[in-house]
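Next come two complexes built around chain A: one with chain B, the other with chain C.
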Partner chain A sequence: MKETFRLSMLWLHTWAGVVLGSVLFAIFWMGSLSVFDHEIDRWMMPETRIAEPPVGFSLDTFAGRAAEIAPEASEWSLSLPRERVPYGYFSARDTSGTSTHRFRIDVTAGEAIPESETLAGTGFIYPFHYMLHLQWMNLGMWIVGMAAMAMLLLLISGVVVHARLFKDFFTLRPTKKLARSTLDAHNLSGVLVLPFHVLITFSGLVIFAFVYLPQAPDLVYGDSEGLSGQFRVDAFGFGHYERERMGVPARAAASLDAMAAWATSEWGGTAPDDVRVYHLGDAGGYVMMRRGDQKQVGFDRDAIYLDAATGAELDRFETAPVMRAQQFLLGLHLIQFDHWALRWLYFLAGLSGCVLIGTGFVYWFEKRRSKHAEMSQTGLRVVEVLTIGSVTGIMVATVAFFVANRLLPSGADFAGLDRATLETRAFWLVWVGTFAHVGLRRWRGAEMRAVWREQTWALAALSAVAPVLNGVTTGMHPLRAAGEGQWAVLGMDALLLATAALAVVVARRLGREAPEAAPAVPKRPSALPKPRPAARPATGSMPLPSGDGAPEATGVLGGDGAVTGDETPAVARPPVARPSPEDRAEP
Partner chain B sequence: MTPAAPPALVAGLLLATALGLAYAGFALLALTLDRNWKAVAATASGPARGPALAPPPSWTDVRASGYLLLALAFMPLLARDAVASFAIVSWVLWLGVAAALVAFTLAWRPHWLRPLASALASGPAEDRPPARDGLCGGSPPSGGSPRRVPPKRPPALARDPSHVRQES
Partner chain C sequence: MLLAVVGGYLLTESATALLAWALAALGMARSEAVVLGMLLAFVLYLGLLVWAFAERRLARLWLVLGVGTLVAIGLAHVVQGAA
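== the complex of A and B ==
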């Protein structure tokens, strides 16, 4: 069927990209934002904009407060504040096994932070990234997994297709035709960031390996408990050490601070970031401290168990080598470490993935457009709607989510939906609205450019409004944020304004440049490809139509033969640029 | 043992050094590619348009220096982070940034690389064949032969428009 391996890879690359590009863009976009999920939380949850806890924060003082907050508790757990999270997470459980909700707590004041009426970054944007908020039967996770596999295929097939990988390593020709410059941008964002794309996609799949392959632990352990059985203990150290209550009141209580200091020295200077106290007030009481992992790439499951009365070590858990490798990949993907330079690099690399997918789409359309789309008009329309809605649409919806967060009053309730739900509904409504906008405008005869431009203007307007709303509703305008060291709020405002500025530039350019493709095809007089003056060896060059001459009118990319089930392979089609009535020429 | 992080200023300087080394390395590698060399060599230097530059007789040293600079860029990152895993991940990502900056320079400000090209050039351009290009040194069948030699290709293939189309 396909003449060469490369052409079949090109076919795969094109269609996998068109079919899954929308999902991939959503995953990359939300993933890039998730890099700053805690910063988005600060912006969207003004009540959590508390000062960072002082260095000398005392666990013993906190334990006193914990006894007041949860007097009935027989055990409590505290995730300690960290660089990006100024508060801790506290939960308690009483002897009957009833747990409190895990809530945010100001560890220095020992007071619970009022419940936030928003899902914000960690509750909405981050889960969107890995499960698309489709909870039913883990459907979202499976779709994301499939998209990740497709991404790996796209990367591999992309490298195969791009045979001028080295010669065009630095090539970007912004002044050339849209198809050419878009393909350059597509190649550049794919090739230069390739290691990141491969690693982030692969490590993403590894994170949910147990969702995709739950049978693996069962096979080894021979039990049906799977992830909840002994495997969980061996792999993650959950419940690695346990002992029963003795039923005798404790006679003494060792200092938690001293235990933390000792654990820190045992771990070569890495302080614990999670403290759990079991069997409070009982002679059998013990404490678990989990090693912090903010100073390394990989996660760490290491834990030390200590006697609550004496502070003596009871047991410890050390991550096994294979798990350490797995936890390294997790850490590489989930970047919970403290490293601002890397965090920004991840953000940029993630956005370059968005550019990669977006330019892929635009290139596909440019090729379509210039070759008298033999694909059905309905099919083309569907892809148009999907593309614009999933590229600019999701951006507009995301910023609308931020704006809704600042506009909805506290305690807002509409049609039985609480404030957090209303915010997410705003996101979904706006997103669906952007798809409808594309469909309607195209149906009414608007050009693609015009539709892109309108959505870009919407993005610009919303992004400019959001920081203003933040300043008005919370009083934390950029100057005050800088003065009080609220860098997360300041950074979020700055990025929103930068988005607005960039969107204005793009929208103006989209408005200024005349549509190229419409008159281009009929105007081309020559039906035959003329060799370019400095003809280069064709071998080893990319089979993509890359020049700016007429031949690209029938470029192989897009492989219409494949769509229509045409027997003729796309390459064998004579490159006759015949003007045709079905040509999608824009007015 | 978690080593102490250097002060912010030192850390910033180390980052800048790493980025500078990576940029220089990629700039050298970019100049070994025929397309980029021509683009840079044809630019004006200063107010007066300089003469076009002839490429050096051999790219081997240039290419080796480029790769060496890329490798050296790892050192400041290691000094900055002191944690090898951070340094390795940073290095991979900073290389991407540096390569993108070189690509942007070539696209919008190619004359910035003119001084570097002048330093490498063997003199003003004449009618002699430039050295062969290719980052990996292994450009496909035409490899080793100067650019201007027409490709050997079966006549049938040459007439096949689908193959002509593959040229760029």
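== the complex of A and C ==
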């Protein structure tokens, strides 16, 4: 297209970035939050804040309870609690094939947990990440897939465009001209975390390969059943072994605990975490146990089928090699395994993706402005609205979602919408509102930085209020959360406060005059007033809060070394001896 | 641009199915062939996109993406008919 490969890539980088940047930011933001989806669930669903089940949990005792909960059941299934999920999931089905829907259950008490009136992290934030809540013909998934391909292209073209990749890796000039420092932050967050970005984007595509490439299974299997046919059995082992009812009552019932212990020894010490019992009370009854996946990266879960009466092995399913590789990629993306350090790194790396996209936008603006807008003012306005709305706007909307969760009374119902829907409506309304805010304020002649500042203040206020509301409405203030070992709740409060503190820092700096006037050494949060709730100093938490507000920070201000620097010790080098760096070729 | 994105996708989609079919025909377990094809698909698509955006001769772009897709779809039909 262009004269050289590098120029073509530059063109591609610019346009793919501007066009899909907003979507990518939303995906990265929601994806980063999804790393802690279960923790968000604990915070938003107070009724699930139950103690972790004790180690000696007995399946046989549970089976007794299951018979009381679902007396008509001919089969039931239980997903066991795991480190981040203190409850199990139970469902049952009777002989006529009618299923109860899957519900949360306290496995030690053997009692259902009241339905949550919220979609929370796993029901709203996580699906947002991969399908944008656009269900019509999987449209959301296709958009996310396209954005992911664009992200891969952006990464490749970004590296190609970047002539001095290695040197710039050690360069951050926070106090230079805005364009320069923004580009530094863009390069830094792009290069340092490049392997993560490539991996997370590629593995994300692999997860939905079956949606994006529907033809292969049909062609190979010669049917048109897609994923529901024999392919599903071969690849995932669903229905790998089946047998009919015999119509004769079972003479005995072997111990489920003994079966689980045996399966655990067969799997080298990994216990099953999914148990299904078929044909209850029938001589043909059998049990399926799936291997737990918390101690492995991959998602592949072998299964063992056992005779319900004798406990003897009937069959077993083992994931085939290529499928195992595919499931490893899935596992890398979905991090359902237990590893807190890695979990935080994923979160930080995800947020650095947000920084990457946000700074990319701001750099684009600076270049346009310095070239005195060769494109039309309308076009520029549109990108402005899109940028601010999709960067600070989605953050404000997300925290508004949390606040709405704590404000709406149980059983709330308005205009025929139930409580869970009202919460998500609050999210969408606030988000649309932030776009409108940018449009209106710019139309009335406000400065860009003023608009950024106002949204950052909104973020600060909401983030400060949310933990207070949690303390007031659920009684679980940070001290009590710590006392009861509810780390998810405590962590969420701490992060919200940290976000508030950081947003205050950023908003105050946005309030100062032109970037050139910014102090040479960025101020530390400690120099600034704490947000209102004095429950706990926000700075006491993990280093991650910095990432939270970083996009606005790096974006609008020149001097955000401190913010990005937090996650990346390598950055801290002062400006290298390169007095007036020539900028990249113009797009 | 549209040509690169859509053409590249169509070519990838049918080529993936063909590759999976060929692998299965060569004796690989069927589900394995499907999954391997899908894993390789993204690499193929990415390669096609990078090339398409860098290629200056539009005619060549049309030739490869257009003819390639038609051939792949045709072959897929033949295979399907044979099965």
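Observations
Assume the second predicted complex is superposed on the first by the 512 of 587 C-alpha atoms of A that agree within 3 Å, B and C clash if a C-alpha of one lies under 4 Å from a C-alpha of the other, contacts with A are read in each partner's own complex, and residues count from 1 in each chain.
The rule is short, and it goes like this: a residue touches a chain if its C-beta (ideal position, glycine included) is under 8 Å from a C-beta of that chain, and two chains touch if they have at least 3 such contacts.
Bear in mind the structure is a predicted one, so any value in this text is a computation, not a measurement.
When the two structures are aligned on the shared chain, A:Val55 is found in touch with neither chain B nor chain C.
Once the two complexes are overlaid on the shared chain, A:Val220 sits against chain C while remaining clear of chain B.
In the superposition on chain A, A:Pro321 makes contact with chain C only, not with chain B.
In the superposed model, B is the one of chain B and chain C that contacts more residues of chain A.
Within the superposed three-chain model, A:Phe231 lies in touch with chain C and out of touch with chain B [touch as defined at top].
Residue contacts after overlaying the shared chain place A:Phe202 against chain C, while chain B stays out of touching range. In the superposition on chain A, contact of A:Ala415 is made with neither chain B nor chain C. The interface of chain A with chain B does not overlap its interface with chain C at any residue. Residue ranges on chain A touching chain B, taken from their complex, read 163-164, 166-174, 188, 192-193, 195-196, 268-270, 295-298, 328, 332, 337, 339, 341-342, 345-346, 348-349, 352, 528-529, 531-532, 535-547, 551-552, 554-556, 571-572, 574-575. Interface residues of chain B facing chain A in the complex, by the touch rule stated above, are 1-2, 15, 26, 29-30, 33-36, 81, 83, 85-86, 89-90, 92-94, 96-97, 99-100, 102-104, 106-108, 133-136, 139-142, 147, 150-151, 153, 157, 161-168.
Those residues of chain C whose C-beta lies close enough to touch chain A in the complex are 5, 12-14, 16-18, 20-21, 24, 29-39, 41-42, 45-46, 49-50, 53-56, 76, 79-80, 83. Chain A contributes residues 1-2, 5, 8-9, 11-12, 146, 149, 152-153, 156-157, 202, 205-206, 209-210, 213, 215-222, 230-231, 234-235, 320-323, 325-326, 329 to its touches with chain C in the complex.
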